[in-house]
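A short write-up of the structure that comes next.
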Amino acid sequence: MSGSTHSIVIPTKDKMLNLGEFSLKRPGNQITAVILVVGFILTVIRFTQGIGSITNLDDNAPWGMWIGFDLLCGVSLAAGGYFTTVACYIFGMKHFHSAVRPAITTAFLGYAFVVFALLYDLGHPLRLPYMFFFPGTTSVLFEVGLCVATYLTVLFVEFSVAPMEWLAQKFPFLLKWRKYVIKVTILLTIFGVCLSTLHQSSLGALYLIAPSKLHPLWYSPFIPMFFFVSSMVAGSSMVIFEGMFAHKGVHHYMDATHLREADDVAFSFAKAASFILFGYFMLKFIDMIVQANYYYLFSGYGMWWCIEMLFFVLMPALIYAKGARERNITLCRIGSINAVAGIILNRFNVSMIAFNYQLPASERYFPSIWEICISIFVVTLIVTVYRFIVYHMPVLYEHPNFRDEH
Amino acid sequence: MRNGKTLLRWMVMMAVVTVVSSGVILAPKATIAGTLEATDSGAPSAMVLFPVTEKANPANAAMRPAVFNHLIHEKKIEDCQACHHTGDQVACSSCHTVEGKEEGKFITLERAMHAENIAKRDKDTPSSCVSCHVEQLKKTECAGCHSIIKPARGQEYCGVCHDVATTMTPQQLRQGIQGKLSSSDNEALAEATVAKRTPVPYINPNSIPYNVTIDALADQYEPNTFTHAKHLDSLMKAIKDDKLAAAFHNNPATLCATCHHRSPLSATPPKCGSCHTTANYDAANPDRPTLKAAYHLQCMGCHDSMKVSRPRNTDCTTCHKERAK
Amino acid sequence: MNRRKFLTILGSAGVVSALGTAQVAKASGGTTTYPYYENSYGVLHDTTRCIGCRRCEKACQQVNNLPMPAKPFNDLEVTATKRRTTADAWTVVNRYMIKNPEGGKDKPVFRKLQCYHCNDPACASACFAKCFKKEPSGVVSYDGSQCVGCRYCMVACPFYVPGFQYEEAWDPLVLKCTFCSPRLQKGQLPGCVEACPMGALTFGKRSDLIKIARKRMDKEPAKYVDYLYGEYDAGGTAWMTLSGVPHAELGMDMNLGNRPMGELTAGALGAVPMIIAFWPVLFGGVYGITKCKERLVKKEQEKAIAAAQAQTKQALEAAVENIEKTQGVEAAIQVRQALKTAQQPPSDGSCCCSSKHGEGV
């Protein structure tokens, strides 16, 4: 660890930017460029021609892909931030330390782009702050908005250490600020977990008001709890899932500590996710029994529910359990893919597939190709910004100037 | 073969003459006073139905007994079981008394005569006088008015049946209540009652406005010419031979009362617009239809119930032509 | 001024004065929730009177300046297709063919759909910018000037009523029946009620309408299903529906329950202060326990190290003394020198991860 023998490019005072990676002629960069151009064109169309111009949304399905994927999945998959910080700082699992900064970075980006994507879905995007001027306190959406806004701020402060370490060489006053932020880490962590608990569960609570529209197998008075519990799974799985891609793409920006701890982090998180998934399975199963919904199991939706529960909750739990016990990193990664797919499927079910289940097929919603493109565009933006951060800021490595202070 | 046809005609004529003449000869024997036709079943042609009670009734207080014209009911009904639901052709009051008794499943005389909405049995659902009469109102020729008007259960309504002749003495009433009035006395009383029952003639369609021009609302459409007398005439024709209607329509203006409702029966009723205003909202009578709605509800309600297929409810211009703009 | 006009004004005077004096009823127990306005207005739709003429739709379009549809209003076959309210059509009349139980032709029954103006509206409860408001007059009003366009109201509405202007880029709004609130203020009836030629729409105080509906059902039990839709459904609505056939056959949701939809989220929102109050205690406590454990472990470690060090020192001392005895003083001095250099710590220290992890990122 003392060696610094790897080839990390650390920006210096004279050369703050490290954009070379983006100009390399690699398929990844080319695809990114195409997606960004298409996304930009669609953005222009969306904001000049109205939401209806590129979406299949209608009055029966006012919320579609952009809420179902960008908002619901985006927020739950960004749960890695609170999950990792709580594990490391509150529960004192120090060997997760190198996973904290990447997790906070992705969480911050995730939330930032949730808000960004939301602007596409809102009829009056510029009026988003109106919720603070005319607070509709009886609305679950108000709680979500308030918590996401606050948590985004918290994440920004938590994340700000990385850019400050990067920029400190040019702007030394940032050193002082960095110290303040580091001093309140525990406070921020606890604040963050409160806010996360609230809005992760509230995303589920959004649907409490529509019992007649959401299929009974997914509607439950406990849906906020389901969303919260599954967000923990999403958080831990995303750390493993992202780790997998990071090792592929930006391996050369990881320092020895990160590389040494990475597998341990994966195994621990896999174990945790496995436990939580089993718990989640039991929660859903008991809720189905208690609400006497077993009659629905023999319908088409019942089959679909069973598929979700067996192949996207129970199966990842088993894969994780096996992977963690045998310390098999491949198995853990497969588990994470399965779990992440399960979270996305669950959010899709609640927001689109099992929503409006009583309407005839002709009145049901299916996203347009352009809506999906915008969602891909947003994901690509996240990846691109993530790459920019990794190339410039000490996220996957420790900055030599701050090495012993961490 | 020609002779055969003539022979057949003669035989039919002979048979008719025999039946008619035997009826004429036999009829007086079957009735006491001889004014009423005899029944086929041999039951009295008419009878007084006393509120028979087993308890001592020292005050002799009772509803004025009803008189039942067995003859015309018997002619209307194919099966005696429709009323004599047990199969035994005995008096109603033998099971259904004022208090009710076990043989009658404690169904009182009052219920047996007046119950409506009788729960359906698997078979042979019994019917009361009133339930059968109400059922008759669903006939097409009656349904027009009676889907709108439900006869008020008032003195006039009850008096149609409870109208035993005033010649009845208190002595007879007491005996009747105790079930001890001799059948000849009973039948004489009934006979006297039936004799004074005479149908009230309806208002003559020729005496009412022939056409009525409805123009109070003419705005988008031309005024409508309502064939007033023709409507009354066709209603009267439809129920010409209906004895039930004749008995209960006991005022010359009864038929007018469906449309000219709520005001006292009269040959010169008030105009619709007297009550039904064109005002948007009448806070005191929020349920009162506006004039336009009142017309449409009356016309269409009656036409729908009488299954008058034309005009369709949404064919506005059949009744009132579109006004040129 | 002709007679009709006079009567119109006379009738409307009642509405205006009542609108002015409408007061908030006490939050009494029983079937109503906050904010129930005792003198609020409503409309009763009697489907047994409705003939499906679409006059109400036309009037709605006219009085609200909504765009006229492609197919004209006298095309009554339009009612056969299942339509819902949209941003451009605030009321629609749909036809339902009801099977005749005694055989024969199916009977058409028409049912009008518009905003039901709930007593405690789901849209108002769901709106996070307070655009919707239940007015004392009974109107559920919408103020588009502060609408963010999130469309949660449309998700929340159990009647599928609000419509959104998806094609509008700059000022898209959620639109629905306004109960002709501006007309009510002027003492006029809602456009559809005024246009109805059949009296199928009865305007009045909600409390009166309930009595009227009961009276009609009492008077003609064979004509009506003994249920007033909207009296209690979804907490009660200002617009209510009477029917001669089961309401479910007219596409009306009979499973909404008798509590306002907004109450369903009250539990979740009520948990917020609890979580804010207790989570810091919980996680602060866990943090404290973690720290305490770390301290104990460290102490134990230090003790064990000290003991081990003392033991080693003793053993070394004994060994050196042994050397001194067997090999002489000089050898012992050399050994002591060597030991001294060996015990000195290396120049660049390894990362000691134990000290500050708790505070640093």
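We just call them A, B and C in the order they show up, numbering each chain from 1.
As a convention for this text, a contact is a pair of C-beta atoms (placed from the backbone, for glycine too) under 8 Å apart; a residue touches a chain by one contact, two chains touch by 3 or more.
Since this is a predicted model, take the numbers as computed values, not measurements.
Listing every chain that touches chain A and chain B alike gives C. Among the chains, the centre nearest to the mean of all shown protein C-alpha atoms is found for C. Centroid distances built from C-alpha atoms place B farthest away from chain C.
Set side by side, B-C and A-C show the greater C-beta contact count at A-C.
Inter-chain centre distance (chain A to chain B, centres taken as mean C-alpha positions): 80 Å.
Our note on geometry: chain B versus chain C, Cα centroid distance of 58 Å, whole angstroms. Remark: chain A and chain C have CA centroids separated by 24 Å (rounded to whole angstrom). Contacts from chain C toward chain B in the complex involve residues 4, 7-8, 10-12, 14-15, 18, 49, 51-53, 76, 187-189, 194, 196-200, 202-205, 208-209, 212, 215, 219-220. Touching chain C in their complex are the following residues of chain B: 150, 277-284, 286-287, 289-290, 292-294, 296-297, 300, 313-314, 316. Interface of chain C with chain A (complex): residues 84-87, 122, 124-131, 146-152, 154-156, 158, 160, 162-169, 171-174, 253, 255-257, 261-262, 264-265, 267-269, 271-272, 275-276, 279-280, 283-284, 286-287, 290-291, 293-294, 348, 350-351, 353, 356-361. Chain contact summary for the complex, chain A toward chain C: residues 1-2, 47-53, 55, 57-60, 62-63, 86, 89-92, 94, 97, 100-101, 121-125, 127-128, 130-131, 133-136, 138-143, 145, 158, 161, 181-183, 185-186, 189-191, 193-194, 197-198, 201-202, 205-213, 221, 224, 257, 403-406.
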